[in-house]
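Same chain, two partners: chain A is paired with chain B first, then with chain C.
After this line comes the complex of A and B, so read on.
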């Protein structure tokens, strides 16, 4: 029985539950990311007060929301983690490697839980992990020998504690340090404190209190208080008594006699001020020795900047289902298309509303006719008068037409206005989908740390451009390929430490993740300073696996050998490691990126390192394209795939094994026609292009010229997926509706080039190399 | 999806109709059953005897018998009665008296809807109130 199915549903109606759960999952995901980053920073500086506080806060917050949803397993685990961090930040335990590993594993477990909650699978038991966390508590126990008991809602057992007092009287009186934290901005929190203290006094004596009772009632917006209770009751009962509504956290821990309550930072308006509880003072002081209401502990200070940072970065946001944005974007796309259609229609009509006034012309004709009528013989004059009457009707219409010219100008202005608004709308909606790559990149800190540790390498991850924004959908899709690349860098790219030292390289290797925004694209590079791609090995494997003949490989240039890594079934790992060998090859990475209308390239220098460069469009749905007319219709090509447009009139042209090759400024390029790409229905090549306009298409470092009838110019098009029956047609990437309402097909250039290459390879006598250009 | 076999029962005491309406709606939404309501202290005491609800929300300022006196009587008759006071922000002294008399919690008027929901959820989960 999972937690989810168990107690969670009791709290909320099913539909609300799913809504809350969604919010919980989103939020927890972010918190876990932040937690990992905080922990990794702490790894370098384990006593950093701000970091420890932040980690505590994050765990505390996850615990709180898990408890709210009745996710008992998560609550219990986070609760123990929290108690542990409480000790870490009070300096009673140090965050060492052992603790770090357990904590990171807990985070993995929590992520798995989130995934299961998302898919509706039952949650795994935290059993062993929980024991390990508990073991940490025991192993590090210093002053606080008894494990602190924190109350979570799941464990609250009674409204009015103390009924079982009789059964507890044989217990020896114990000093409990009780810290109670109120919800931010809880009205009359000081009265809640009084309520709790009144209850605690039924258990025993309150030997210390911060803030002191004399001032407590006057503090408006009391965030928290801490008391030391001398009582024989169990920690659970103490905790339960501290749980009226509005209390967000209660920590009860056993303390040695004489321990003082720790001052709580009080700043009325400051929400979450309780986080400032800092620097547990374990120095035994005589009980009841009064302390001023002002927090006088120097340790309160370090937490400050940390909090300031958190609130400064706080932006008011609304969580919106991505699908809703998709719908909006799609509608905006339609709007833009219709606007374009309006513009085009208006443009077509424009000549009719030209400058010359029609009425002046008709008037001129009428005047001329009148003169004719006055000067011809009466028999003819009758006819002319007839014509004049008809001219009068025409003249009236002409005047109406002239009046409409003004209207038409207004219509044009309105269309312009509409264009501006719809463009802004489209941009605006696109912007709402843009999220920074920072959180995605940060996730790799953990990956890098873990793999490096596992492989006994030392790696520093350098992140640049984390503020660069990318479509949310893209961020979701790019995670896996990036993960693979990063793993690859560390696993295959970076040499073992001894090798690095031998080559005079720094022991700590660097992996750089860089994101930059250039034009309509975002470039993400994954770069390492490792040994570079071992091209000899790549070639050898290609031969071993039967992908290429030995002599073919020998003839390949270094550049082309490197390109071999994109071939399916080629992995240069000497042993299948479970790090990169997760069933994803570089070919899958490339395919995945191509599916995002992006491209990936690799550069590698032996001994210096490898750099993968991923180019991604800013968004998936709108693509800047060049439009061409082919005999069969209009096609669009993403602008990134168009290298240049040339006229090959008078250029040297030769035919090599059935393929036309053209000399473009010294570069020999294969030139194809639409018929080479697609077999069109009905009669083939009825109207084969005879134009000399050639568009040079490029993708994945391959280049080919495509003959087109005419160039129609550039345009942003909203790409729509093809209907199912066309989805399998190779070389088509989608379709769009143009301003005139006609359908235009979008070429998937990489796929087209593959098709051509396959055709060439099929022709056995041709060596495909000679047709590839090396740009 | 397990269901609470029997809903917890609430007695709502307030002289203002709108207050009772908000409290009832929120409580129902949180999974409570409304056992009954009363509009003054005298009625509250009578209804408590009759209904023995799991929880009472008790307004402090009411005609005939105020919340403090009603609480005193109810707690005398049923020492384990669970009463949550409804208090305005300026009733500290009376609220303090109620706390001494054993009110288990209080909620501040004007209501923050979430606060109120949270309150009902808190006590819905607590054992020992039945």
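After this line comes the complex of A and C, so read on.
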């Protein structure tokens, strides 16, 4: 592979690259638009500080993202523009017509670049424009108050047009050999080298460079470089420009013209060599041509099409307010519901249009009547004639009816078609809302670094599955809980370094963030290799805080002790810190996730680590549910909360502390009714005959049976939050409109089971207390 | 002036029944000496008393449809219903005011109002008519009414022989104040 490809996609797989490129193009397009507006405002008021700052900021961010993608030409141009605006900002130069023209042409050039990147064409050279921008810079430098970079002659000529100045500067220029050494293993040394070179280019031309510019970026851990700079500035200024962080040594010495940098010189490196180096890529390379092994083929724009990406081009995107998508999704939901209603109505009507021979029969009756009429006495015949006339009308209707059968078949076909279209529409709209979790996950790199530093721990964040997609709304909502979990892992989970070393663990702990798509759900796990949950401490705290009685805690299994972390008011951090430990965390995390119709589980092994697994539905708004009839009305239960449906007919009624227990294939499960879950106002429903149908509900590793009157089958429902118009009711996840237009409530099973558990624990506490008071 | 619904939907019920009230909101607002505002009102009955809501607060009037009962809420919240795709809570004004419940009949209506960006329905015994009440016909509620916590009573209007109670929808149905309205009720209210 040539360097070109190496530099183009070395950092990213091609697919990911194109994803970044798409983002880059969207962003840059917006920034260019904003820049033009800002410039136009500046044209009227060239010294407006806010405007100049804004322009500077925009150019800076375009430069930043271009550099990230290795779009060198754009980076170089924007870099020069940026430094020019820096000068405008500081008042050393005024934004006059000349500057404005050059800047606007640069913007046009950048637009063209974006266009080419989008279509996959090679980029144009920025050579001339770059010259002009540089010329502006030099003329600017001349006007500047006292930059100690030019001798008096240069300063006096500073008022002359840029080009002339440049040539004059050239005339008095020396050649400086500049050798810069970086600290060993300095991260991003090659970027620093670029930075230094760009700075040097402001002083004059880089006549020679070793290693060649084209390969510079590919040398990881660049130890040093050497350049020959032709410039009129003083040696100390050159040296000062070469001193970013990480440079350990700079040698600047005057050399006779024509001196080369040590080692192989690149071809064509004469006067204006820097531009020439970039100028190499003028001749557009055919996208898939065998580029051969030329070692110093200059790396051009890396977004150049590769491996078949050329013809595809890039997809254009539109940024849309997410609320508009919400509205669309809601409307689609309505459409789906209405379609269901239509299907239901048509289904109900179908028997009426079944295969009948109504017209044939009415015809038969008419014929029979005619015969009767001809053979009865005239007095009766009059009556029969009347009946015959009625029969005739009936017959006509019957024929109409028969004809409509065909129409009805067409109606059914149309409804089927509508069903297909509305389903695709719904899927399509849902897809528009899906975004990858990558950017969300990446945010945690910073969080992890900061917290780890603060706590004096060393943590590596491992991210897996960043391309997994989730509903946009879900991504927005899951950020906080995830943040809490990640903080928790580092703060509570991961031991201090000395403890880790004592236990023979690596000094650098690992926190893993994993997203996977399985079935209708996305699973996100947050995992650490820390000390695991200290169950003894958790139990102790629960007792100390008065959440549970000591003997209750003693009786709890390890598993149940771990589950205590979800209790409000429990935190095992020894000190309350900024990071976590206010004891409001985990229960809120669980509540938030439950509000997203998701669930969270924890597994922990002492000394090995803790893993939180979050299950989220793919989308917030559509949930696959089972529908049941309760005495109080129809309820929906998310399908993943329904373990099974059993009949407990004929089972002996066993009651343990007020709770009925049933035997499901040897497993003893509590069975509750809707009245145990909620208090229902209004007249008590006439639930005289107790149903024996029990739905086994499960969430957060708890299982309870719920008696229902009837099963109504499975259905995809569009969930609407209750609190939009009303109030949140604990234990309800929302409501939905069914095919017949009626409303059903969605059970939030996790919360319902919590209610049951609390009731039971309350009972247990009360009874243990009463025992204690007896003894 | 019409916070949520397009004017074409105004007072057009989902069941096809409709009452024409076009341009009602454009009626000039007359302010009387004691600050009461005149305008158009919709009258409805609960037990043997007539109440009025300002027409601009009303989105539509519908015949009650099937309700889904909601648990863990006060009894005066009858449940939620589907209003053209929006799930809307229904408040029974009789129960809210502490009056005796009455089974729904052919006259029963749901008055859909907009309060604080929410839409909710009020079950009433019947809707009487739309009326114009001049500002000077409205007598502000006596201070004792306001201080007794019944600030949801805006005033009284005598129309013919009958005294109408002008209700302030915002303070009556503000979700945060509903419980207080319920406690105060109308039962011991002697006007």
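The rule we apply is simple: the second predicted complex is superposed on the first by the 393 of 775 C-alpha atoms of A that agree within 3 Å, B and C clash if a C-alpha of one lies under 4 Å from a C-alpha of the other, contacts with A are read in each partner's own complex, and residues count from 1 in each chain.
Keep this in mind: a contact is a pair of C-beta atoms (placed from the backbone, for glycine too) under 8 Å apart; a residue touches a chain by one contact, two chains touch by 3 or more.
All of these numbers come straight from a predicted model, not from anything done at the bench.
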First, second, both or neither for A:330, with chain B first and chain C second: second
Touched partner set for A:194, first chain B, second chain C, both or neither: first
First, second, both or neither for A:632, with chain B first and chain C second: second
Which superposed partner A:722 touches (first chain B, second chain C, both, neither): second
Which superposed partner A:732 touches (first chain B, second chain C, both, neither): second
Touched partner set for A:246, first chain B, second chain C, both or neither: first
First, second, both or neither for A:418, with chain B first and chain C second: neither
Shared chain A contacts, counted only where both chain B and chain C touch the same residue: none
Contact set on chain A toward chain C in their complex: 330, 333-334, 337, 632-634, 674, 677-682, 720, 722, 724-727, 729-732, 735, 737, 741-745
Touching residues on chain C, where the partner in the complex is chain A: 65-75, 77-82, 85-89, 118-120, 175
Chain A contact footprint on chain B (complex, rising order): 1-4, 31, 80, 82, 87, 89, 92, 95-96, 99-100, 103-108, 112, 115, 118-119, 121-123, 125-129
Complex interface listing, chain A residues touching chain B: 5-7, 9-11, 14, 153, 156-160, 163, 183, 186-188, 191-192, 194-195, 198, 217, 243-246
